[in-house]
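There are structures below to look over.
Across the two complexes that follow, chain A remains constant while its partner is chain B and subsequently chain C.
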Partner chain A sequence: MPHQAGPVTRRAIPVALLLLLSPAGASGSFSFPEPPPPEEYGNLLINRASAAGGVKPVSFSHWIHRQKHTCRVCHFELQFNFEANTTEITEDANRAGMFCGACHDGKQLFGHQKPEDCDRCHNGDLRRGAERFAPLWRLPEERYGNRIDWNAALAEGKIAPANKLTIDPSGEIGFSSTILLETVWPMVPNATFPHGKHTKWLDCNDCHPNLFNIKKKFTVGLRMGSIIERQYCGVCHGTVAFPLTDCGRCHPDMGKIPIYPEPASR
Partner chain B sequence: MKGILARALPALRATWLLLAILSCGGARAEQQGPADWRIEFEAVCVKTDLAMTLSSEELGDLVARCDRLAERIGAEEEIVRKVFLKRLQSCRALFVFVLESRRAAPVGGGAPAPAQQSPSATQQHGSDAAGPQGPPAPEGSPAP
Partner chain C sequence: MRKATVVAVALLLIPLLAGAQSGTKKRRPLPPEFGRVLIGASYADQKFPDAQFDHWLHRAKFTCRVCHVDVGFAMKGNGTGIRQEDIMAGFYCGACHNGKLRHEDRTVFAACAGTFTDEEKESRCLRCHSGGTKGRQKYDFFAFVADLPKERFGNGVGWQEAEAMGKIKPRDFVEGISFKRREIEIPKDIDIDAKVPGMNEIIFSHKKHAIWSGCEGCHPEIFSGIQKGLTKYSMMEIFEGKFCGQCHLNVAFPMIDCQRCHTKPVQ
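Moving on to the complex of A and B:
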């Protein structure tokens, strides 16, 4: 005998469907990582070989460095991979002026010369430098991540990060189109991708062809689940750039939908 | 003895002068070697941010320059070789990528085209972004 849905079930089905198909339901299907406090967002520990070598992992703060240099400088010129602990950073390489040593050479900034400076990087402390965060509240406010709108800060001239060390960009990147990414799920608003906002910080080579390869007319696997797993946009968004909980930044029509509690004003 | 020395002195001086010039030249050549490839390296890699605006011929030329540079950097010491070869490969990959993208879809909005040729492309629809026929994400992909 076929099962007959009772009145409660009959009412629940459309509600469940609506929830599933709505943006809230769609994003509820994903589990977003719990965000760290603003002064820890973008901080990471580099421990490819430190602990094995008998020293503490290196703490690195993106928000300290991005005030002075764009992402391009480290992730293009100095060849730091986007994924932590995959770049073959060694003390020898640093001393030879590569990687951190391009700036941390003992002349421009503290380097490897004084033993008392070791702890400034090799401290294993994710909160290292948190006391230097408070002055950043002067920068334009953002809802998530560091709670700083870095793009606005750049546009308003409140920060002036250098865009090169040695390789001087030829000029303004001549590609600033905004791409509309049509979503597959019904009722999930389309996403947009503004090249222009990204090229202020990055080199084309940072994303193409490794992260996004449109050679085959689309980027295979570009979906929310992959992004949450730190692929594609998730390489930066969720770790350094505004996090994925800020749905409306990419899906503009989701901007007003309270999927996540609005954080208190800072 | 003094006479012999007096006669030999000009020749010794000349030899010393010649050796000094040669050694200076050698040192300069040694200093210029790395600087040469570094200058060429930066001249090539600086073009990545303009790759979209370059012609196919220019991109092809850059790829060839990358290949020539790779040989020169390959002769450097290990740390330099590792770091700069990786960076060079990355630059080369972008030039090849733009070239191939153009060849794959020469017509329509899907392929990266020189910016000057498509100034109106400030708002591309997903179908445009993915090519005339294709969706932006593979079929069956549930999001974004």
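Moving on to the complex of A and C:
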């Protein structure tokens, strides 16, 4: 006769397990990095060739850009890879209108023309633009990451990011089915994946077939450990999209169990 | 025990079935690299670097079926098993690259030779056998495509539009290689249901394919072609390079362009 755990017990078990595992996990796959402050979440320094070329690394802020453009604009149309320093961005390419240069062309936005503009990207400062973050507190609140519920902000019309530059999604990306992902560990509640929330931002190919195959259960190696190592969901969730500390957002039955101390309301 | 074995075998098989997917994003080929094939990797006794074949130049000059039907190249890199002797005897590359065939305003250079001088090695052998480094080709990609209509992805060239505009005129018949055919009657477009509920339906245009590939490019080897619905395949297999993926993985517009096939919204 299998033991039927009540909802509270069901929620408590994975957390207890995590706590039990945490000393071992400190050097293993379940060690979460210390979260950056909200205004640094999703910021990165691009230094593929900058330092070697005698300029400072480029600071890039996702939260500045995602207010104006959806993910697909840069990660699909403009062909930015999902991992920093793997896209062959060069000054020549930018000047030819590729990558950053698609918008930063000196006409729509500052570009490569004026010497005083170099420092606006090539500054090596991860906190660059932090002073522009405060006005975003008007957006719906979230617990982690930028502490902004970007989906709600989009749904409520508080931000209106452009979904294309020149390349029209040639058909509507209307696929919105929510799928249930059964977990491997019996005590961990199942996860759900809503296509609809993702297709508002992304193109199909941003995830398929590289990250996820298109047939359920055929994505090999999809487990929490790999996700924390920034594969699969972890390609975005953990660095740009809401972080993995927010268990209950994917595993609804886990509720709001915090990995980190619950942040104070802002 | 038996169940455990089945599970173990299933687990071993899954990676084979799901080869297209890896958990991290792959680098997309740059426009000049799209459609590039390195030929020769499989030959242990090869004395030269791999031959680099870029589809973009040849497809601007010839239809797919000249090479893949009339000459007989397989659809997969290194799938043909080309040997130097074959080329010298006038097969495969040697069918055109024989130093005799006239194309446009010149004679096509001869490919492999039995003996060659050091000078010839530079100007002739390494022209193809560049091993993926910058080859000694006559054409520069960006200069070549500058005047052609733009398109998203792949080579960044709208090949079909380029042909419709008359900017490229791919030859469909090469004397001595091609055989005379009756003109194709182009069948109707096909509406293919996607298996996943809510997914846009696929419109397959025969017209867009038949001009380049003829009938033989696809039928009967890739698609039996006898009756709609008879060939069973899935998107998983296409991503692995089968069926539509034979061309649309590496040469024809790539599969990142989902909505180009999945065009028809479900009611």
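Observations on the model:
Note that the second predicted complex is superposed on the first by the 225 of 266 C-alpha atoms of A that agree within 3 Å, B and C clash if a C-alpha of one lies under 4 Å from a C-alpha of the other, contacts with A are read in each partner's own complex, and residues count from 1 in each chain.
Everything that follows uses one rule, which is that contacts are C-beta pairs under 8 Å (C-beta built on N, C-alpha and C of every residue); 3 or more make two chains touch, one makes a residue touch a chain.
None of these values were measured; they are calculated from a predicted model.
If you put the two complexes together on chain A, you find that chain B and chain C bump into each other.
Judged by the touch definition given at the top, the superposed model places A:220 against both chain B and chain C. In the overlay built on the shared chain, the residue A:231 is in contact with chain C alone; chain B does not reach it.
Shared-chain residue A:59: touches no atom of chain B or chain C. When the two structures are aligned on the shared chain, A:82 is found in touch with chain C, with no touch to chain B. Contacts of A:251 after superposition: chain B is touched, whereas chain C is not reached. Legend: residue contacts after superposition of the two complexes on their common chain; A:167 is shown touching both chain B and chain C. When both complexes are overlaid on chain A, the residue A:211 reaches chain C alone and has no touch with chain B. When both complexes are overlaid on chain A, the residue A:188 reaches chain B alone and has no touch with chain C. Applying the stated contact rule after C-alpha superposition, one finds that A:180 touches chain B and leaves chain C untouched. The superposed model built on chain A shows that, among 63-71, 81-89, 117-125 or 153-161, the segment of chain C colliding with chain B is 153-161.
Looking at chain A, you'll find residues 76-77, 79, 88, 167, 169-171, 173-177, 203-205, 208-210, 213-215, 218-222 touch chain B in one structure and chain C in the other.
Chain A meets chain C in the complex at residues 76-77, 79, 81-83, 86, 88, 167, 169-177, 203-205, 208-215, 218-222, 226, 230-232, 235. On the side of chain C, the complex with chain A involves touching residues 14-15, 17-18, 20-28, 30, 152, 196-200, 234-236, 239, 255-260, 262-265. Here chain A touches chain B in the complex through residues 26, 76-77, 79, 88, 90, 92-93, 96, 98-99, 166-171, 173-185, 188, 190-191, 199, 203-205, 208-210, 213-225, 227, 250-251, going by the rule given at the top.
On the side of chain B, the complex with chain A involves touching residues 42, 45-53, 79-80, 82-83, 86-87, 90-91, 93-94, 96-98, 100-101, 104-105, 110-112, 114-116, 118, 121-127, 129-131, 133-138, 140-144.
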